[in-house]
C-alpha cells in the first residue's frame, strides 16, 4: 500500500480517522491530566469520539434521516447506530454528573482537585 | 440591573423553552427528539429559571419531594408499561403484540406504548436534571453555612 | 463542498480537544468544550442523525456544560 | 464379608470424631468426665481396631466407600494388613498417651483444648492409615497436620508460636506438594484408589514430578532432610505427651504414605527401572547422619530426642528404598520399634520435666536416683535406640542390615553402624549423667523430687517393657505383622 | 514523568494500531457495507406498521430495543442516586 | 406460554422496579426499606433457582424482549452459564444484604440507607442482566449501570479515602467502558449485528475480510473488561476501592462485581469469537500470562499489607487471576474450575470481607496485628474467617479445594504443568498471609479493644454462618453445583 493509497483511504474514511484521533486525545487527557475536572472533560471527549465513530458507521452517502415519509421511497441511513448512541450520550452525561458530584465532595475534603496533590495529601496522612 | 434583564429575559424565554421541550417529548415518535432530549430541554429551562432568580424560587416551583416522585415515577411508568405487556399476554415491553393501539401513523397519539414510555422518560429526565443541579448547588450553601 | 465543511468541522473538533487539554482556565475549557459539543452536534446533522444532534445539543452541550459550570463554581476556576 | 465388618473402618474413624464433639460439649461441665471420655474413646478405638485382627490374619481386605466427592474422587476406606498394623500400633500408643496425659496435663492450662484435639488427631490418624485412596489419605493427612498445630503451639509461648508458624508453613508446602502429586496421579492414572492397579505405569516427566511431589509431601511429615527443619523446633515445644505422639506416630504417617505411594501408585519395578529411588536413598542417608550428628550438640533433652527422631526416620526411609523382603520387614518393624522407643523416651522426659522443671541435660545429674522407674524406662528405650541386643531396636536394625546385604548394598550397613555409634554418643551421656552425675546444688530446691504418679508411670512402663519384649521374643505380634505386611506389599498377598 | 512518557508511547501505539484498522475498515458511507443488512432494512420498511412511529429511531429505542432504553433510564437514575447519596452523605 | 416463561424478567426487573421505589420508601416509609430490599432479592434468587430448574430439565431457552425476534430485538439467553451466574449473583448478594442491613447503620447516616439499597438493587439487577443478556449492546448498558452502582456503593460512605478511591475507580471504569463501546462499534461495523449468536455467525466471513478490525475489537474488549475485572496490570483501582468501601460493599464488589465482568468476557470470547481466531492470535496466551502474573503478584502484594481489608482486596486480585486462568486454558476441566471458582470465591471473599467488617464493627480495629485474640472474643466471625482462609488456601473439604482441583487438573490435562505449579505456589502464598491471622486470632490473648468488643447483632452473624456452612457444603458436596457448571462449560466449548 503506497502512501497515496493510505491517504486516499484515510480520506474516504475520514470520519473514522478523526474519531480515532479524538478518542486518543480524550484518552490521553483522561489518563494523564492531573486536574479532575479536566479528566471528566477528557472522558466526554473520548465518549463523543466513540459516538462519532458509531454514528459514522450508519451513514450512507445520499441517505436521509430516518424519519419516514409514508409512501415515499427514499434512501435512509441506518437508524440503528443512532438509536444506540442515544443511549450512549445519556450514559456519558450520567457518568459526568456523578463524577462531578464526586469532585465537589473531593474538593470539600481535600481542598484541591489536583490528582497529584490528593495523592500527596493521602500519602502524608493515611500511612 | 443585569440581574433584572436576565430575569425579564428568562421569564419570557423559559415558557417557550419549556413548550419546545414538551413538543420534543410529545413528537418523539414523529420527528427528531424524544424523551431524553425533550426532558433535558425542560430540565435545562428549569435550571435556567433557578439560575436567573434563585434557588428558592426554583424549589418553590418544583419541591424536592415532587422531583423525587417524578424521578421514580418516570422509571416506574417505563417498567410498568413493560410489565403491563406481560399481563396482556406478550413478553416484557411488548407493544403491538401486547395489543397497545398503534393509532394512525403520523398522528400525535400513535405508536401505542411508545407514547407512554416517551412521556415517562421525559418526566424522568427533566426531574433528574433538576434534582442533580439542585443538589450540586445546594451543597454549596450547606457547606457555606458549615464553614 | 460538504467535504471541505466536514474537514473544517473535524479539524475544529481536534483543535478544541487539544485546547481543552492545554488551557489552564477551567471556565474557558468548559466553554470550549461546549463549543466542541455543538460542533459535534452539527457534524451529526451532516451524518443525517438529527435525533442525536438534538440530544447532544441538549444533553452534551447544555446539561453537561451546566453541570461542569456548577462544579467549577463549587471548586475552583484555575487548574 | 459381613457389612458390619466393612463398616468397622468408618466406625474407627468416625467414632473419635463424634466423641470429639461430645468431649467438647462435656468439658464445659466436668473435667473428670472429660478425662474419662478421652481415655475411653482411645480405648474403644483400640479395641475396635483389634476386632479386625482375625479378618486381617485371614488375609482379608476390608473396603468401604463412603461418598463420592467428584467423579473418581471419593472418600473411601480400605484396610489391609499394613493399615491394620499401623492403626493397631497408633491406637495402642494413643491409649497409653491419653492415660499419661491425665496427670501430666492437669498442671497445664488449656486442657479443654488439648483433649478434643488429641482425640480428633487420633481420628485423622486412623483415617490416614485406613484410607482407601490417595484423596482420602490426603484429606486426613491435612486434617491431622493442621489440627496437630494446636498441639504444637499448646504452650502459646513465643517460641512455640514461632515453631508452630514454621510447622504450619511447612505443612502447607507439604500439603500442596501432595495435592500436586495426587492430581498428576489422577491425570495419568484416571483414579487415585490405592491397592488396585498400579496407577502410574510409564516413567515420564510428569510421573517424575509426581514422585518428587509425593517425596516432598510425605517426606515433610517424615522429617526427611532437607525438609526436617520444622521438626526439631516443633516437637520439643509441644507438651510431652503430644511430643510422644508427634514423634512416635505422626512422623510415621509420612513413612506410611511413602510406602503406599511406592507400592501402589508406582511400582517397585518402575521405580528401580527409572532409578528414582536413589534420590530417596541419598536423602535418607543424609537424614540419618545429619539427625544423629546434630542431636549430639543439643543440650535440651526434648530437642535431642527430636533430632534423634530425624535420624531414626532416616532408617525407615532408607529401608523403603531397598526392595528386598527382609529390608522391608525391618523397615516396617522399625516403625513399630521406633514408635515404642520414642514414645517411651518422650513420656519419660516429660515426667522428668514435669517433676524437675528442667530441660537441660547438664542439669539432670542424679535424676536417676530420684526417679528410678522413669529413668530405667528411659535407659531401656535409649539402649534400644542405640541397637543393643536384645532390645527391639536391635532387631529392626539387624533385619534392615540383612535386607541391605540381600540387595548387595553393604555400605548401607556401614551407615547404620555409624549412626548407631552416634546414637550411643548422645544417649549414653544422658544415662550416665542421670545415674552417676552429681546432683545439682540443693539450695535452689525447695520441693523434694519424687517419682512420677502412677498414671504416668504405667504407660511408660508398658512401653519400655514392649521395647524389651519385642526384641527378646523370636515371634511377636509386631514382627509377625511386619512380615505379613512386607509380604503383602511385595507380592500383593500372603 | 516516566509514567507520562510511557502512557504517551502506549497511546501512540494504540492510535497507530487503530489507524491501521481504519485503513482496513469498510469504506465510509457505502450502501454495501456489512451494517446495511436485513436489520436496518426491516426497521426502515416495517416500523410504521409494527410500531406506528414515523421516527424510526424512536421506534427502535422504545420498541424494538426498548430494554436498552430501560437500562438507559436506569443509568441516569443510578447516577442520580449515586451522586445524591454522595452529596448528601453528611 | 406460561407464567414461568417470564422468570428472567422477574429476576432483572423486580430489583429494578424496587430500586425506583426505594427512595420513595426512604422518604415516607423508612421502615419498609430493609424488608422490601431483602424480599426483592429473595424473589430474584428464587427466580434464578427456578430458571436453573427450567434449564436443567428443559434445556436453554431464549426470551425475546417485546416479542421482537433477533436480530431486531433484544433477547435474553437463559443457558447454563447464565443461570449459574444469576444464582451466584443473587444468592450471595442476598446474604450480604442481610449483613448490610445492620452493618450499614454504623457506617452510614440513616437517611442514606434507602439510597444504598437503591444502588445495591440496581447493582444486582445489572449483574443478573449481564449474566442473562444475549445482546452485546445491552451488555454494555448493564455494564454501565453496574459500574456506576459499584462506584456509588463505595462513595456513599463519603470519607476521604472512599471518594478518592471511587473517583479513581469511576475514571478507570469509564476508560474500560470506552474501550468496550469501541470494540462493540468495531464488531458491529464488520458484522452488522449486535446479537451474540448473529455476530458469531457473521464473524468467520468478516474475519476473512477485516481481520485487523476484529483483532482490534478483541484487544479493546480484553482491555475494557480487564480493567473492570481488575486483571493484573489493570488492577490499580481495586485495592483502594475495595478496602475503603463499607464492608458489605467490599464483600459484594470483591465477591461478585469483578466476577461478572470476567464471566461476560468469557461469554464473549467463547460464544462470539470463532475458535480459530485464537489459533492465529495469542489472545488467550496473553490472558493466561496476565492471570499468572495476577496470581503471583496479587498474593505477593497481599503479604505485605497490614490493613485487613486491603489484604483481602489484594487477595482478590490474585483470585480473579485463577478465574481468568481457568478461562484461558482451553480445556474442559480448567474451564470448569474457572467457572466454579467464580462461585466459590464469591462465597469465600464475601464471607471474609464480612468477617473483617464484623471485626471492624465490634472493635474498630483494621490493623492485622491488632486482631490478636479475636477468636476468643468474637468466635463466630473468627471461625468464619478461618474457614474462608482455609478455603482460600485450598484445604480439602472446603470449596476452594474443588476449584483448585479442577484448575490444576485442567492445566495438567492441557499439558501445561507450569501453570499448575503457579496455582500451587500461590496457594502457598495464600497460606503465608492468611494463616498467621487465624493463628493470632485463636492463640493469643486479646488486648485492648479486641478484649471487649461490641456485641455483634444477629443479622451480622447469620450471613457469616450461612456462607461458612456454604463453603463447607460445597467443599463436601460440590456436585450440587457442578452439574450446572459441567453443562455450561460443555456448551461453551461446544462439546
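Residue numbering begins at 1 within each chain, and the chains themselves are lettered A, B, C, D, E and F in the order written.
What we mean here is this: a contact is a pair of C-beta atoms (placed from the backbone, for glycine too) under 8 Å apart; a residue touches a chain by one contact, two chains touch by 3 or more.
Keep in mind that this is a model prediction, so the values were computed, not measured.
The set of chains touching chain C and also touching chain D is empty.
Taking each chain's centre as the mean of its CA atoms, D is the chain most distant from chain C.
Looking at A-B alongside B-F, one finds more C-beta pairs in contact between the chains of B-F. The mean-CA centres of chain C and chain E are about 18 angstrom from one another, to the nearest whole unit. Centroids built from CA atoms put chain C at 11 Å from chain A.
Computed from the mean C-alpha positions, the centre of chain B lies at a distance of 23 Å from the centre of chain C. Along chain A, residues 14-15, 21, 23, 27-28, 31, 56-59, 65-67, 70, 80-82, 84, 86-87, 89-91, 93-95, 97-98, 100-105 each make contact with two or more other chains. Counting partner chains per residue, chain E has residues 18, 25, 33, 35-36, 39, 43, 48, 54-55, 57-58, 61, 63, 65-80, 82-84, 86-89 touching two or more of them.
Taken residue by residue, chain C touches two or more other chains at 49-51, 55, 59, 63, 67, 70-71, 74, whereas all remaining positions touch fewer. Of all the residues in chain F, the ones that touch chain A in their complex are 137, 141, 144, 148, 151-152, 155, 158-161, 163-164, 166-167, 170-171, 174-175, 177-178, 181-182, 185, 188-189, 194. Residues of chain B that touch chain A in their complex: 30-32, 34, 36, 105-106, 132, 135-136, 139, 143. Of all the residues in chain D, the ones that touch chain F in their complex are 68-70, 73, 135, 138-139, 142, 146, 149, 153, 156, 161, 164-165, 168-169, 172-173, 175-177, 179-180, 183-184, 186-187, 206, 209. Against chain B, the residues of chain F that register as touching in their complex are 1, 6, 9, 13, 16-17, 20-21, 23-24, 27, 63-67. Put simply, chain A touches chain F in their complex at residues 23, 27, 30-31, 36, 39, 43, 46-47, 50, 53-54, 57, 80-81, 84, 87-88, 91, 94-95, 98-99, 102-103, 105-106, 109-110, 118, 122, 125-126.
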